[in-house]
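Letters are used for the chains, namely A, B, C, D, E and F, taken in the order the chains are written, and counting of residues starts over at 1 for each.
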Amino acid sequence: MRLVLVNINTNETLTQRLLLHARQVCSSDTQIIALTPRFGPESVESRYEGLLAAAGVIDALLSFTEPYDGVVFAGFGEAGREPLQELLDVPVVDITDAAAYLACLVSPNFSIVTTLPRAASQILERLHLVGLAGRCQSIRPTGLGVLEVLDNPAIVDSIVHQAREALAHDDAEAICLGCAAMAGLAPQIADRIQVPVIDGLTAAVTLLESLCRLGLSTSKRMTYSPPKDFMNIIGWPMEPTQ
Amino acid sequence: MRLVLVNINTNETLTQRLLLHARQVCSSDTQIIALTPRFGPESVESRYEGLLAAAGVIDALLSFTEPYDGVVFAGFGEAGREPLQELLDVPVVDITDAAAYLACLVSPNFSIVTTLPRAASQILERLHLVGLAGRCQSIRPTGLGVLEVLDNPAIVDSIVHQAREALAHDDAEAICLGCAAMAGLAPQIADRIQVPVIDGLTAAVTLLESLCRLGLSTSKRMTYSPPKDFMNIIGWPMEPTQ
Amino acid sequence: MRLVLVNINTNETLTQRLLLHARQVCSSDTQIIALTPRFGPESVESRYEGLLAAAGVIDALLSFTEPYDGVVFAGFGEAGREPLQELLDVPVVDITDAAAYLACLVSPNFSIVTTLPRAASQILERLHLVGLAGRCQSIRPTGLGVLEVLDNPAIVDSIVHQAREALAHDDAEAICLGCAAMAGLAPQIADRIQVPVIDGLTAAVTLLESLCRLGLSTSKRMTYSPPKDFMNIIGWPMEPTQ
Amino acid sequence: MRLVLVNINTNETLTQRLLLHARQVCSSDTQIIALTPRFGPESVESRYEGLLAAAGVIDALLSFTEPYDGVVFAGFGEAGREPLQELLDVPVVDITDAAAYLACLVSPNFSIVTTLPRAASQILERLHLVGLAGRCQSIRPTGLGVLEVLDNPAIVDSIVHQAREALAHDDAEAICLGCAAMAGLAPQIADRIQVPVIDGLTAAVTLLESLCRLGLSTSKRMTYSPPKDFMNIIGWPMEPTQ
Amino acid sequence: MRLVLVNINTNETLTQRLLLHARQVCSSDTQIIALTPRFGPESVESRYEGLLAAAGVIDALLSFTEPYDGVVFAGFGEAGREPLQELLDVPVVDITDAAAYLACLVSPNFSIVTTLPRAASQILERLHLVGLAGRCQSIRPTGLGVLEVLDNPAIVDSIVHQAREALAHDDAEAICLGCAAMAGLAPQIADRIQVPVIDGLTAAVTLLESLCRLGLSTSKRMTYSPPKDFMNIIGWPMEPTQ
Amino acid sequence: MRLVLVNINTNETLTQRLLLHARQVCSSDTQIIALTPRFGPESVESRYEGLLAAAGVIDALLSFTEPYDGVVFAGFGEAGREPLQELLDVPVVDITDAAAYLACLVSPNFSIVTTLPRAASQILERLHLVGLAGRCQSIRPTGLGVLEVLDNPAIVDSIVHQAREALAHDDAEAICLGCAAMAGLAPQIADRIQVPVIDGLTAAVTLLESLCRLGLSTSKRMTYSPPKDFMNIIGWPMEPTQ
């Protein structure tokens, strides 16, 4: 099985980090390829950045001509899964959805610890569309942006602090890590707070493997049917400026 | 008051049509300028096209250097309002929201007559996020794409037919026209079906005037606070290919 | 365009205040007439008072024989719009709805600062029926009744205090003024709290102008179809006692 | 125990009919007194009529000076319970709520058979406020107004027909009779359709007896606390015209 | 009328206590018989215990061969009403539902004071299924288990403390006692907190009398139709060990 | 990895069928053990049967003394997962939840094709508790009971017929097979209807593998904390008669 993991941020260090953690959880016969868009924000923290990043992700996937069996869309709380579901025949799993689904399998509810306060409303919208907003007790920011999460020795303490707030004050019984850059931190945080901690990236990898093994891919009946004549668009594929 | 009307489709004929109808309803002291993005799909009917179109809309607005007091975002059911709300200091009104709000002022509920069947799920998502999905009785497609709506002598009959179905079978008491290209058709349809018919474009123009007159613009407190360093993005502004 | 502004309170000072603020925001070619019911409570703060007040409002409008193009129903959180929508051919805009709709155009959510604690449940019911309760973060009372709001030099400080609580503790990003008597205070409060502040009265005036300009009025198809033989009611029109 | 049954319609024949059926189900030691308002519509079918009727009901109760232990508010789908809950110290049970609660005790869901199509939206609003709209499968009108229900030999057939439609097409498993004038018809309809049939009037009488026996009455803590100085209202009590 | 009251706990002292309080509120011509299951947990506090207890309740009712007119299912927040509704022809009232319905008749909302923190999620699930979760402001545990509630002189103080917290911080306007063992405590608690206090057991008794008097029983149309060949189950009736 | 698959029906043929299909989708290094309860109904179709069956499942798992890493609870729409989550340290995946989660990953919505009409309300309740009821377009019965599904050559045609109805009339874009006995039929049905078809059993196996691989198990913080002294229950473990 060959899976493509696409980072919505153009930060290559993060892409490699995601790849490392994805490989740690996938089956031995699963091959994972990681893509970084050739244009878009280095780190996505607003809806504006998210929109440009999603265009970069589409560009990266349309430019990638090797065969593959599924896609992990690595942007927590970002819009962008749906256009890919229209364009591709293989299944696409968003790390936000993946974290929420697995959290619901092991807990009656969950809270999310994320980056900046502004991320909360985007994440909540995604959960509303999925149907699981009612099981999310709270979304608590650490106050650290995506790039500050990466290689920050204090990040675990910071997440643990917010997670404990969620357990104590919001009746949360599980924690989702609400940023792609938090991939790989779940085990050490779980050790400290003693509830399930779900990392969307690894959740998405294993869910995508499930879909592939069961031969399931996106329904093309209506909502995600292929766009008409999809390369015949003025100015597309885009040519990024220097 | 100077308002910018931005078409999400790159079809200039449609842009001129929208401008014509917008001018018919605005106050005598309101000036309206219409923009067509320099890249993006000629007509938007999928989420993929919608995403690229939204990037084109942002590009068009960031490139437009004259002063203005507000923006009408003319894409029915399309995502794209939120990034503009982050980027701009002036209010931004989406024609989907505008149609729904005005319909709710004159009726307990409404149905939407739109273009292709695939549009329904996008529109419904937007209404869910706004909070008014519960007042939408149905979304009925005519089966005609955006460009087929334009200059199609049969379009009014087609909309009237679907509207009557909604009145008869879905308990609808008002009708929203679910496509920017249907702008200007509301009066003749209302004459035939005898319930309020709301056209999102003209609704948006008058709502935007309301906001401007009251000195109201997007809250910058959190969700729509300005993106960090928003021009420092790899490959942006994009350079459309030929 | 001739609009009627009807106060649900029988306090004439308040009626004149509302008229003053309505005139400040309407178009230059809009004429506004203000009505005070000849019976009913001087200030409405309970559902019982609201019910009698709504009867007084109906009486005032049925007794008003000049032509007009629309009605602003000025009672925040009060029931009473629907009977008017049945009786009248022109559109009717309730200041509660108006505030909520405009708040949603400029913010992902809002809180309401109102008069007495008991008002909260009525307001929330109205928002539930409109569909926007999910976007209301909180309803915070100042503790001051309708007549105490009028000509109280401390009212702005009191509203600002509650608004700041809503911003700090309820994640609100905009504020609605939840009492007709607060009309006109929005600009000075907005200056102090730096988020959009929406006054239902002026919101309703501009929304009503929008509807009139677009030729939209209440759907008469079903819910708001005219009552049967509506003047043939025992004891109606009522004759107020001294 | 002394209960007051107040008809919202000013039709005395209906009042006597309601009294008859109420007495058939109450406990042997319960005394029931029936009141007809001295003003208001003979039959209530619109929100306008409902509002005037509710004022008539309040007038009737404030004028009734004998002691009593509780009130049945007999208007299906009409607003008006809440003002009484503010004014009175004894419990007030609305026949709409009563029917819905008992239906939910014996069935996973219910449909309502009512009078005119326009009644549906009012009834649904009341159910939304109560919280039980989700258990209502449909509201089906017979097309007969309140006074046509009274003494109409065809009314049972008409209700049975609509009830069967609800069972067959709406997955209903119980039926509520959605008009006060249908009181007393439940047993014969139940015999024919073989599912529970709930008549709001008799349901309300027995629920009110429950409350009285348990010593429960309206919470006066906040929402239904007494109106301030409630007789000091201009023109109230009203003096009905001839 | 002969009613069966079945305790889900196998504690006979509690059964007798429930019987005592049920008899205090029933009509003079109602006879109440109390059953204790012959197997199952002495006190139910988890879902596991609740499931075994529900099997014990079914066993107790299937073994009880005398005629009766209805059943009170005495387990607050426990699953188990639905199987009885399938098996029996007489109505079955669950004390959780009963408390919630009566609370809603006398208050816009309620909070529940219960035993252990873990009970909250079960109770909330039951309220969601009934449709009244939206009217429940909070569920506050005393921290005392079922058997600690029984004959604990401090229990009233403990409930009053949590009830006051709910009134002060959760905007509750009425209180439900969320444990069968709290039966009989409502009057003294109501005296101290001055809002309606509803005890599910006595509520259920009077609601069951209502249903019986009106000749209403469980709809057998679909959801609660009788199980096929219901005694032909391997190992059933069970033979408790010992 | 060693997983236990527990059938809620006591039909051993079905257990072996489930085991066969589970083994076809699990990883090569996963071992699956199938358990049949020693008491309980041969096939579960009512809530009464479901409750006894769940007791049988608990008995089977508490009696199974070998080590294992997770449990698949194979009863579509049946209650019973929660007690296991309390009792066991390993994750427990219900086939209803599993089907719904995977369907949501590949489609905006789904319909369920199940056995008897009475199953629909139970399944819907489970989806409500999970949060995904809003994404379920319809639940359509084939009219065939659990044992009629097994080894019935017409079952595929019957499911395909109902699935096509759901696609045509309910706007469904994917189909879940709503009965454990339908395991293994997904590929041939998908071939005929050309939308994703999800079988809860195989979905649950792969989801459970995901959880195990990620080291995730049920949160023990509150809702699913271990029952107190859980073997000290009168008459438990039960001794099935015969």
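The criterion applied here is as follows: a residue touches a chain if its C-beta (ideal position, glycine included) is under 8 Å from a C-beta of that chain, and two chains touch if they have at least 3 such contacts.
Just so you know, these numbers come straight off a predicted model, no measurement behind them.
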Joint neighbours of chain F and chain A, given as chain labels: none
Centroid-based (C-alpha) most distant chain relative to chain A: D
Length of the line joining the C-alpha centres of chain A and chain B, rounded to whole Å: 29
Chain C and chain E, separation of their C-alpha mean positions in angstrom: 44
Chain B-chain E separation of Cα centroids, rounded to whole Å: 53
Residue numbers of chain A (touch at least two other chains): 108, 121, 222-223
Chain B contact footprint on chain C (complex, rising order): 25, 27, 91, 93, 97, 101-102, 104-108, 130-135, 167, 171, 173-174, 186-187, 190, 194-196, 198-199, 202-203, 206-207, 209-211, 213-224
Residues on chain A engaged by chain B in the complex (per definition of touch): 10, 38-42, 45-52, 54-56, 58, 79-80, 82-83, 86-87, 117-118, 121, 125, 128-129, 145, 222-223, 225-228, 230, 233-241
